[in-house]
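Next come two complexes built around chain A: one with chain B, the other with chain C.
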Partner chain A sequence: MNSIKWLSIILITFVIIAGIAVPMVPQPQSFFEFPDIPGLGNTARIIFFHVPVAWVSVLGFLVSLYYGLKYLRTKEYDDDIKSVSAAGLGMLFCLLATMTGSLWAKFTWGSFWNWDPRETSILILLLIYGAYFALRSALGSNEVRARLSAVYAILAGLTAPFFIFIMPRIIGGLHPGAKEDASGSTPITQLHMPLNMLFVFFSGLIGFTLLFIWLLNVRIRTLRMEHRLLMKDY
Partner chain B sequence: MYEFLGQNQLYIVLFVILIIWIGIVLYLIRLDKKIGRLEKQLGKD
Partner chain C sequence: MNSLLCIWAVAVKDVRSELRVRYALNALLMFVVTSIAVLVIALGDSGLNPEIMSALFWIVILFSAMSGLSRIFVSEEERGTTLVLQLVASPSAVYFGKLIFNCGLTLVLSSAVSLLYVIAFPAFIIRSGAVFLCTVFLGSLGFASASTMIAAIIAKAQAKNTLYTVLAFPVIAPLLITVIHTTALSIQGGTWGETVPQFQIMIGYLCVVVGFSSIMFDFVWKD
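Moving on to the complex of A and B:
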């Protein structure tokens, strides 16, 4: 666990420094220069943060689905704790992805919110998981809550890939990867980046994934302690 | 002053984000340690 923590700190710090400080020039000559993308300029740097954050959000929802399934099979309360922790982090990172995306949209598409297919689908996803937490808080008993929210986590987790990977691609839109997008890029990875940008990009993906594991670990341990203390009282 | 800020926008952004990031990381490390200590205490009882 310690190496995960340190690696995530090092990688994300590296991404912050390299992603922001490396100059963007029209004709990059050395390894320490990024190409200047016409129309995007310095705002292109958001990609080093926006995409990893969105990725971690999907990861959180899928981990939540996995532990939801596991809970239904084992009925171990620990799996419910893992499922809800992952969903919470997925929600947090989903909000961050929406905010960074909205900021980026302001400077490239002209307004914070345009109801682009991708913006609409992430809003629906946020609402779906908002309902998950509303459901949980409405149920008192641990066992009923765990069972129902496990079922909901599975259903919600199944829709997540649809909203993130499929819907924005079958409808035309402004986001890279939309239906009429001629560049052929995908919303997950823009693989026609030069090597040095790819390096920073994947460092970000790995760094944020490790940060997710760390945060998940802290959250799970806290909820486990809470559970133990509650059990003691009875 | 304004000239300096205008010419170094990118580095100012970098600096601010680094400070925020370091703050969050230090907080997280301390929180993690604190939870570890609590786990030990709970384990004893």
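Moving on to the complex of A and C:
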């Protein structure tokens, strides 16, 4: 776990430095120059943070679903701890993705919120997380709470793809991959980036994923300790 | 055959106990009438565009359905009949019986809303009736199927009614956006060809939710 922690710190530091310091020029000549994308300019740099954070918010939800399903099969309380930890971190990253996204939207599309399908789907993901924790706080015993919240997470997880993959194809939007977008023909956006940008981009993706794994581990250990202390009291 | 009879018995039982007190039906129909009256007073006969008309139409259906459908399992908890039902019927029979009851209730509600809408708004002219009817039918079934499962989840929780809306919205939202979109198209005179993707979403949604609920209902129902 220590190596994961350090690797994520190194990668994210690299992304912060490289993503901000490398100049953007119209015709990049060397490896240390990014192309200047017309209409985006320097605001494009936020892609190194926005996309990895959005990816982790979905990853957190998937991990939470996986352990939720596992809980329903095994009824091990430890799986519920893992599930709720992943959901909590996912919600944090989901908030970060919404914030970075709406900042970026302000400076390229003109307002903080545009009701683009992709923006709507991150809002729905945020609402799912909120509903999940509201449900958990309204249920009394550990066993019932773990069981019902796992079922709800799976139900929400099954209806979310309608938003993420199907809706943008039907209703037009601003993100790449939307209905009127001529270049991106699938909802899964194709990457049109030069090699050096791709390198920083994937460092960011891996760095933030490792950060998630490390934070998840810390959270799980804390909750396990809390649970053990509670059990001792009785 | 036996399980089908069992499902039918649960649905009939719910219809009977509903008709005995008429709690949900009367209150819900009054809710529909009042909210449409508010709309008529607020809007008058101003010509609204199809998007707003269809959004208001589905908002009335959504909120009346939300207040009615959540009671299906809560009423069992309140009357203390959950244990009996767990003893006499299999979980899948209970689920499908309740689903049938909820579907019926939503269809009654949405047809009442459609009828009142046509009477109250002269500007509400639907150019492609078949598309509209199909949308209302599939949309109501979709609402009912998602709400049945969520109603089962919240029956065990505190602050049931508030929680119900919070839990239901993210699950229902994809369906809601699709039906509002399709209804607007049907008012404008959209053909079947134009609305095929929307109907694919609605049918897909229905299949996913009912399929999932029938598998997972055991975990929610059995203590």
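Everything that follows uses one rule, which is that the second predicted complex is superposed on the first by the 220 of 234 C-alpha atoms of A that agree within 3 Å, B and C clash if a C-alpha of one lies under 4 Å from a C-alpha of the other, contacts with A are read in each partner's own complex, and residues count from 1 in each chain.
We adopt the following convention: a contact is a pair of C-beta atoms (placed from the backbone, for glycine too) under 8 Å apart; a residue touches a chain by one contact, two chains touch by 3 or more.
Computed from a prediction, not measured in an experiment: that's the story for all the values here.
Undergrad: Is A:I10 in contact with chain B, with chain C, with both, or with neither (first, second, both, neither)?
TA: neither
Undergrad: Report the partner of chain A that touches more of its residues: chain B or chain C.
TA: C
Undergrad: Does the superposition put A:A21 against chain B (first), chain C (second), both, or neither?
TA: After superposition on chain A, A:A21 lies in contact with chain B alone.
Undergrad: With both complexes superposed on chain A, which partner does A:V151 reach: first (chain B), second (chain C), both or neither?
TA: second
Undergrad: Now for A:L229: first (chain B), second (chain C), both, or neither, which partner does it touch?
TA: First partner only.
Undergrad: Touching A:V218 in the superposition: chain B (first), chain C (second), both, neither?
TA: In the superposition, A:V218 touches chain B alone.
Undergrad: Using the touch definition from the top, say if A:M99 reaches chain B (first), chain C (second), both or neither.
TA: Touch partners of A:M99: none, neither chain B nor chain C.
Undergrad: Mind pulling up the chain B residues that touch chain A in the complex?
TA: Of all residues in chain B, those touching chain A are 10-11, 13-14, 17-18, 21, 25, 28-29, 31-32, 35, 38-39, 42.
Undergrad: Quick check on the complex: what are the chain A residues that touch chain B?
TA: Touching chain B from chain A are residues 5, 9, 12-13, 16-17, 20-21, 42, 214-215, 218, 221-222, 225, 228-229.
Undergrad: Looking at the complex, which residues from chain C come into contact with chain A?
TA: Those in contact with chain A are residues 146, 149-150, 153-154, 156-159, 163, 166-167, 169-171, 173-175, 177-178, 181, 197-198, 201, 204-205, 208-209, 212-213, 216, 219-220, 223.
Undergrad: Quick check on the complex: what are the chain A residues that touch chain C?
TA: 72, 120, 124, 127-128, 130-131, 134-135, 138-140, 144, 147-148, 150-152, 154-156, 158-160, 162-163, 166-167, 169-171
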